[in-house]
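Chain lettering (A, B, C, D, E and F) follows the sequence in which the chains are written, and residue indices restart at 1 in each chain.
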Amino acid sequence: MTRYGPQYGPDLTFLGVDRCDLDEPETYAGADVVIVGAPFDGGTSHRPGTRFGPMAIRQTCYLPHDGSRPHLALRVDALQDIRVVDAGDVEMFSGDVERSIGSLEEAVHKVSAVGAVPLVLGGDHTIALPDATGVARHHGFGRVSMLHFDAHADTGDIEFGSLYGHGQPMRRLIESGALRGDRFLQIGLRGYWPGPETLSWMAEQRMRSFEMTEIGARGLDSCLDEAFEIALDDCEGVFLSVDVDVCDPGHAPGTGTPEPGGLSARQLLDSVRRICLELPVVGMDIVEVSPPYDHAEITAFLANRVALEALSGIAARKLGLKHDPAGPLLEDR
Amino acid sequence: MTRYGPQYGPDLTFLGVDRCDLDEPETYAGADVVIVGAPFDGGTSHRPGTRFGPMAIRQTCYLPHDGSRPHLALRVDALQDIRVVDAGDVEMFSGDVERSIGSLEEAVHKVSAVGAVPLVLGGDHTIALPDATGVARHHGFGRVSMLHFDAHADTGDIEFGSLYGHGQPMRRLIESGALRGDRFLQIGLRGYWPGPETLSWMAEQRMRSFEMTEIGARGLDSCLDEAFEIALDDCEGVFLSVDVDVCDPGHAPGTGTPEPGGLSARQLLDSVRRICLELPVVGMDIVEVSPPYDHAEITAFLANRVALEALSGIAARKLGLKHDPAGPLLEDR
Amino acid sequence: MTRYGPQYGPDLTFLGVDRCDLDEPETYAGADVVIVGAPFDGGTSHRPGTRFGPMAIRQTCYLPHDGSRPHLALRVDALQDIRVVDAGDVEMFSGDVERSIGSLEEAVHKVSAVGAVPLVLGGDHTIALPDATGVARHHGFGRVSMLHFDAHADTGDIEFGSLYGHGQPMRRLIESGALRGDRFLQIGLRGYWPGPETLSWMAEQRMRSFEMTEIGARGLDSCLDEAFEIALDDCEGVFLSVDVDVCDPGHAPGTGTPEPGGLSARQLLDSVRRICLELPVVGMDIVEVSPPYDHAEITAFLANRVALEALSGIAARKLGLKHDPAGPLLEDR
Amino acid sequence: MTRYGPQYGPDLTFLGVDRCDLDEPETYAGADVVIVGAPFDGGTSHRPGTRFGPMAIRQTCYLPHDGSRPHLALRVDALQDIRVVDAGDVEMFSGDVERSIGSLEEAVHKVSAVGAVPLVLGGDHTIALPDATGVARHHGFGRVSMLHFDAHADTGDIEFGSLYGHGQPMRRLIESGALRGDRFLQIGLRGYWPGPETLSWMAEQRMRSFEMTEIGARGLDSCLDEAFEIALDDCEGVFLSVDVDVCDPGHAPGTGTPEPGGLSARQLLDSVRRICLELPVVGMDIVEVSPPYDHAEITAFLANRVALEALSGIAARKLGLKHDPAGPLLEDR
Amino acid sequence: MTRYGPQYGPDLTFLGVDRCDLDEPETYAGADVVIVGAPFDGGTSHRPGTRFGPMAIRQTCYLPHDGSRPHLALRVDALQDIRVVDAGDVEMFSGDVERSIGSLEEAVHKVSAVGAVPLVLGGDHTIALPDATGVARHHGFGRVSMLHFDAHADTGDIEFGSLYGHGQPMRRLIESGALRGDRFLQIGLRGYWPGPETLSWMAEQRMRSFEMTEIGARGLDSCLDEAFEIALDDCEGVFLSVDVDVCDPGHAPGTGTPEPGGLSARQLLDSVRRICLELPVVGMDIVEVSPPYDHAEITAFLANRVALEALSGIAARKLGLKHDPAGPLLEDR
Amino acid sequence: MTRYGPQYGPDLTFLGVDRCDLDEPETYAGADVVIVGAPFDGGTSHRPGTRFGPMAIRQTCYLPHDGSRPHLALRVDALQDIRVVDAGDVEMFSGDVERSIGSLEEAVHKVSAVGAVPLVLGGDHTIALPDATGVARHHGFGRVSMLHFDAHADTGDIEFGSLYGHGQPMRRLIESGALRGDRFLQIGLRGYWPGPETLSWMAEQRMRSFEMTEIGARGLDSCLDEAFEIALDDCEGVFLSVDVDVCDPGHAPGTGTPEPGGLSARQLLDSVRRICLELPVVGMDIVEVSPPYDHAEITAFLANRVALEALSGIAARKLGLKHDPAGPLLEDR
């Protein structure tokens, strides 16, 4: 087996699920979801450290690493009820962004090509470019909509002299045609970036960006309803990209470019669950977890739960389970 | 005086209240509340450190340690208006869970036996077993209902080969008959534990568990209303067990098994106040504060305030004070 | 140029805005806002460290320090659209509170005297006394109302034998006549201080203090509406004093006297924006940021954004911009 | 395979060496060294956290986890040149010290019984009792001398009412006859424990304890020379027990009972190398690494290197390599 | 009893020794050493936090707080064999340096006046002025020599416009005549302060300052020998002032102005022991422990041991014990 | 002026020295030393964060940032007595190692070309390649010897598929002919990397590497004597490359690949001083300071002092000052 395994640290898998090797198709044939590590932080514009994100997201959990996680509310065990395997990391040298994203795009495409959902653990947001491109190459350019949770629009043009970095993937994805600007839904933007020129470009692409002020005024669920409707219009799948900095720094301090005033962890988890229950998710990434800046591992715990919430939603959707959010946990009472 | 004093560190009391010695009944005769430290972390399944919880909860406050804490909103000074004394710690060797919980149960029972409310500062949640048993021995098995704030149900059966640990106290309490399953109210559950078998057992006991999804959908106050009604049905007192991990890790990072997506600190404080104002609380514990994982002491500050909020509620209830939450702080305006 | 520059560390300005020198009036003639550092923590009653607050607030931002910050929601660039300059720090020896506040009052008054808004970066809350006095000396004693965000009333009389400290500025301001007690609006109080005697004094002054219980019961916007009405009644300007401990310690751990159960960062940012958009702010301070207790710099990030939110509101108000909170970020869609 | 694997966290091995299962003898037949994790902190008298020691010691290294570590100075690759395998952890519930040490003793004995050297990764120092007993059961009671690096003598009698804990293993070992008191060599003692009674008991056992004052006055190598001579006198093997708190807290902060004024990391590494090169080591443990109190992982890095230094010494001794400490690294020059 | 108790936090004493009240002479009559807390950080020129030094030094120890500490090497129990009592803190408002040092000087003088040794726990080094002055007022101006361990000479003239601060006490002491410049011994100086003018002043006073280069070249013991000779020449007592920053930041990170390249913790402990064994110490302070910057409490542990080493040396000297540094710990062998 | 300024954070200079612009030769004409920031961490193989090294090294000092640092022992003020200017950072995008090192090499060469000493603040050790190449291009390939302080040889060939990274610069420098292998002196190597193949290559190049074992056995000064002799043999200048991980992690925790058992901070400072006093240094870099892993800033303080020690040595050498290490600090006594 030629599996690369983790780039940094010991060889382990997401909460103990089975290993697969992307060079050996039989190891992930029939998988519903394939986890791929993208330990790259060469594209970040400020605090680095997300190279250790895949390792942290895979293992930050206080429960046994036994490949089983029964979801209390949804009553599904995503790691058992559907087939989830872990391909280890793609080798991504942080000093060479172009080679690294090329390698990742190939890996993601391999997963999509067999009909599985790639769940890519970042890494900085640079990786959304190869992630969504790899998916779009299989499902068709322009056939996948994007649900993008982030404090930042990530639609910059050139930074530090480069076309590639964690502030630019969304522009590159629209420019290449991999994704349609008018099927691009952004949730949680706020702060002081980008400037007017970039916002004009975004408007021209007909992107739909829900800034925190609108979310506060209208309510998150109402914004999600609107976003879902756009996402499903003439698209056959959804890519979900979760930058943990969409949460308030109080809930996700371990990240590179924290922007105060974001979602609570509860809001993010609920949103991810709704999306994976209600929409046909065909790819996903979780990015910008930077362990060196985390304390008490709370950001890594959150990202691990974002992954599990997504997997549980995907599993429940596949199994056709019904869920009443207002109902009691225990049936008998 | 044979008082044991704190097991770790210097001899100090909760915010400077008077000392008592559980071996000398006259030292706590007439007390309304007796504080007992339970510095035990031998039962935790993951991050330890709660042995330093009693010390941290007692002293983490920026105000003078003068045995006085006037509550702004309730206009009562619990440490002055009722009699609160601190018995120091029970010796609890973390390497011997059975002996330790035996000692604690005796200590708690002594407090209950003189008509005072034991307020036990943990320690990991293993201690809820001796805490509630000690109270029930006085008030009658099955006569005390449980209000349990936690991310976890704590109804496991055997862990690491032991019947005793921080994931199992609630099962043991129901099995022994100390508490009735159908008067067991759980608030704040979430995540990926326990599994279906345990949930079935819980349903059979007719426990009422409010998972965060239900709380989010219905509102916390509505859930509390329902819980209060059950709690008061054919029971003469309420035991309040507060695991700080019921709060989101952003608000309570210093704990052993943090589960993202919990209550805010504000929600917990308001809930504890309501309970102690509206219900006949006969025992309480505050558990799972782990100082080694705390930063800027924010979890210890929170737990100290949970204790004060409870004491203030108990005091206001005893004094028959009225409180209008929507009214202004200052009367004159 | 005799400019003092920062008292601790290298000479830098708020996000790269231009320097000015308070001893050289031409350097800040025509300024809309002058930033003044007040690196003083000699008045704190518990955890120190706010002496490093001005340095942290000035520079804790992941974007280039280029003197430009386009506000996503308001579509204004406060550092470009109005004139904001940074006067460096006032020398404030923490061991001599009286001399230090004297120097600061002179500096603030110089700014007010040329018609600019002083934005003072603390430092502990002791500085609110010279800050608001310096402003009132220009606008008239009793002519400026106070909007005070804080967990604490800061109306103590004598502490540690001194009339001056971070728990007393609001009493001194009312006693001197600089501010009127019945135009004193406090938002976010909670906890166990001050005691009944001080609350009576506050009531006699006809202060209006919104404790968190009232805010929770009525909603923050409703409380702000009431506060705004009082603030504008027979006053010609508003002083905004933001103690970061008004936020929950989960959102602002880096502070000296954290009190659990506060506002979220989002609530604080929205409130500051509303105030600066809707009211004639004539002075402001941001206090109690204590970097030694901060982690992942989240409190400093928050305070930097409080400053920017205020500046953006001031700029939008000056430019007469309209803002619909429920509207979309991008105009075209 | 019934291998237990790690008790906390994911299943990984020491720097990627092969797994073995103590229940399946063929998996470690022919091994030179078998690594055993002892994740127990129920016996500590102060700061806990050593339950995470085995996991930290196994993986805290910046090099690839590839089962190869060529030693620069000794020119041997211990993980390749001799056979080192990792048995995972022994299940040790921290709340039950007696059951836990029983299980560990059995595991260690299994390793000794096949002629391999057990290298036990703690855990608190309680485990030295089962570690050395398990070895002595194979090599003969009284036939193995002890080289004990520690700030503390660990010869206490009863603590917290228990015979077992991290301050008592050395007394229990001598009392049981597993080890001879007059072949007990202690290096690095200092501080204020134990008291005169215990010191008298130690003297009666004819223990040889090198306190830091003597080491400072005579030099560490001179003390080691003396210790080696005693150790080899009528004994056939040496057990090496390294408590990381033998080092100064500046070099090993992540431990439970740090005592200032200890060895430097360099001194400890050199001593361990000398011992394993010059003496017939038949068992070893590395204890008291407490990750929650570590910063920048420096204590875990040190403990990992202590293990490697020992393994390299054992390998070089087995291979009969010669080593000139004063010679150059590169042969050609 | 009017005892002030600790200024910050709960009322506790150094490792559990008895309390005394400086206003009630009978409470410390016959004491050998009286511990006085000086929680003042208003004089620091950089990182504050030493206000929490007294609390940290008193309690940072993993052993029971039982008023007993048998010294392994010296075989004396300073807390039992001589009379050590703790007077609590002197109220020292950090915002008023002049009033604060006045209060401290009175407290220290009271202790000296009854023939006891004041052991003052700082606080920043500002306090050396009142500490040594209070002692000199009793023993005679110019009759006490100074042994000063520090990275810095602390002979500045005016800083931040003040005569008093942590960089100036040694100049003030010489200027006032309390201490003679030619009986002023400084150990451990290094770095880049003060400048030539101040060094000239120091030379004029005939101070003897051992910079680290000289200590490295000659050996610490040789320098101490020379210093002791000067100290005893026509003086009747020695004041020992230990600034923890004399140690390398690796050994004492929790301090305000760390200067790399200092003594090891072992060197400091040995020096303090020698001084208290060999010289007639009549006063002492331990300063510049800043808990907010400490990690794993290693600086507080060190300072606690500096105090114990001094007390043990004083006790051994009083009892006339002999000590052979090169001898074995246990007598029998 | 087109000066780039710092890549991350505010525009400041090393301790307040004057700015220069490498595009404007007159701004650094006549400079003795030009400081250049190299904020690049794209080449690190493990923990990143050195991108913030230049900022940290420039400003981590508790003294005023006033462009003056009188050296206590050498009695020279390097920032005043010679001309030191700061060119700001070279833009180095961490995601593009080749472009980044190209830009840095040009910058360094510009400095060398005017006869000044470039002092490059890293950044990871990747930068030694452009640093030494830039210097060698001016002084002649093979005409500059290398004094390399490091735990690691940095002579790897290809890592993560790249020729460039922090483990390979020394091989590239020798391969290109910029430096001669037999004038390559390495001090402080230790640990488990590189393997035999690379060591053979190093031996073939006739490198002279002093591993810690040899340094311990022979003494550091003796090793330096030997190294100096080689360095001066048929070379006209020396490049000094200091990787802070040459120090023990206890003294320099804030680095990416800490290797226990290194030099003390004192040893490093003394060595750097000797080198700059005794050898013709023509270029220097200080690398691998990683602020996210630093605590209490001790590594940054150390690196700042390494820079100052070097500058002071260079200044004293230029001024022809004599220095007796064993002499007293103050002349008069």
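Keep this in mind: contacts are C-beta pairs under 8 Å (C-beta built on N, C-alpha and C of every residue); 3 or more make two chains touch, one makes a residue touch a chain.
The model shown is predicted, which means the values in this text are computed figures rather than measured ones.
Across the interfaces D-F and B-E, which one involves more C-beta pairs in contact?
Of the two interfaces, D-F and B-E, more C-beta pairs touch across D-F.
So the centre of each chain is just the mean of its C-alpha atoms; given that, what is the distance between chain D and chain E in Å?
38
Suppose each chain is reduced to the average of its Cα coordinates; what separation in Å results between chain C and chain F?
So the centre of chain C lies 43 Å away from the centre of chain F.
Where the CA atoms of chain B average out and where those of chain D average out, how many Å apart are those spots?
Taking the mean C-alpha position of each chain, the two centres sit 40 Å apart.
Can you tell me which residues of chain C touch two or more of the remaining chains?
Answer for chain C, listing residues that touch two or more other chains: 46-47, 248, 250-251, 264, 293, 295.
Every touching chain pair, please?
A-B, A-C, A-D, A-F, B-C, B-D, B-E, C-E, C-F, D-E, D-F, E-F
Would you tell me which residues of chain B are touching chain C in their complex?
Per the stated touch rule, the residues are 62-63, 68-73, 75, 77, 248, 250-252, 264-266, 269-270, 295-298, 301-302, 305, 308, 325-333.
Going by the contact rule at the top, pick out the chain F residues touching chain D in the complex.
Residue positions touching the partner: 45-47, 189-196, 199, 202-204, 206-214, 216-218, 248-251, 253-254, 256-262, 264, 293-295.
Inside the complex, what are the residues of chain D that reach chain B?
The touching residues are 7-8, 41-44, 46-49, 51-52, 91, 93-99, 126, 159-162, 164-165, 292-293.
For a test of understanding, state which residues of chain D touch chain A in their complex under the given definition.
Answer in residue numbers: 9-13, 16, 58-59, 65.
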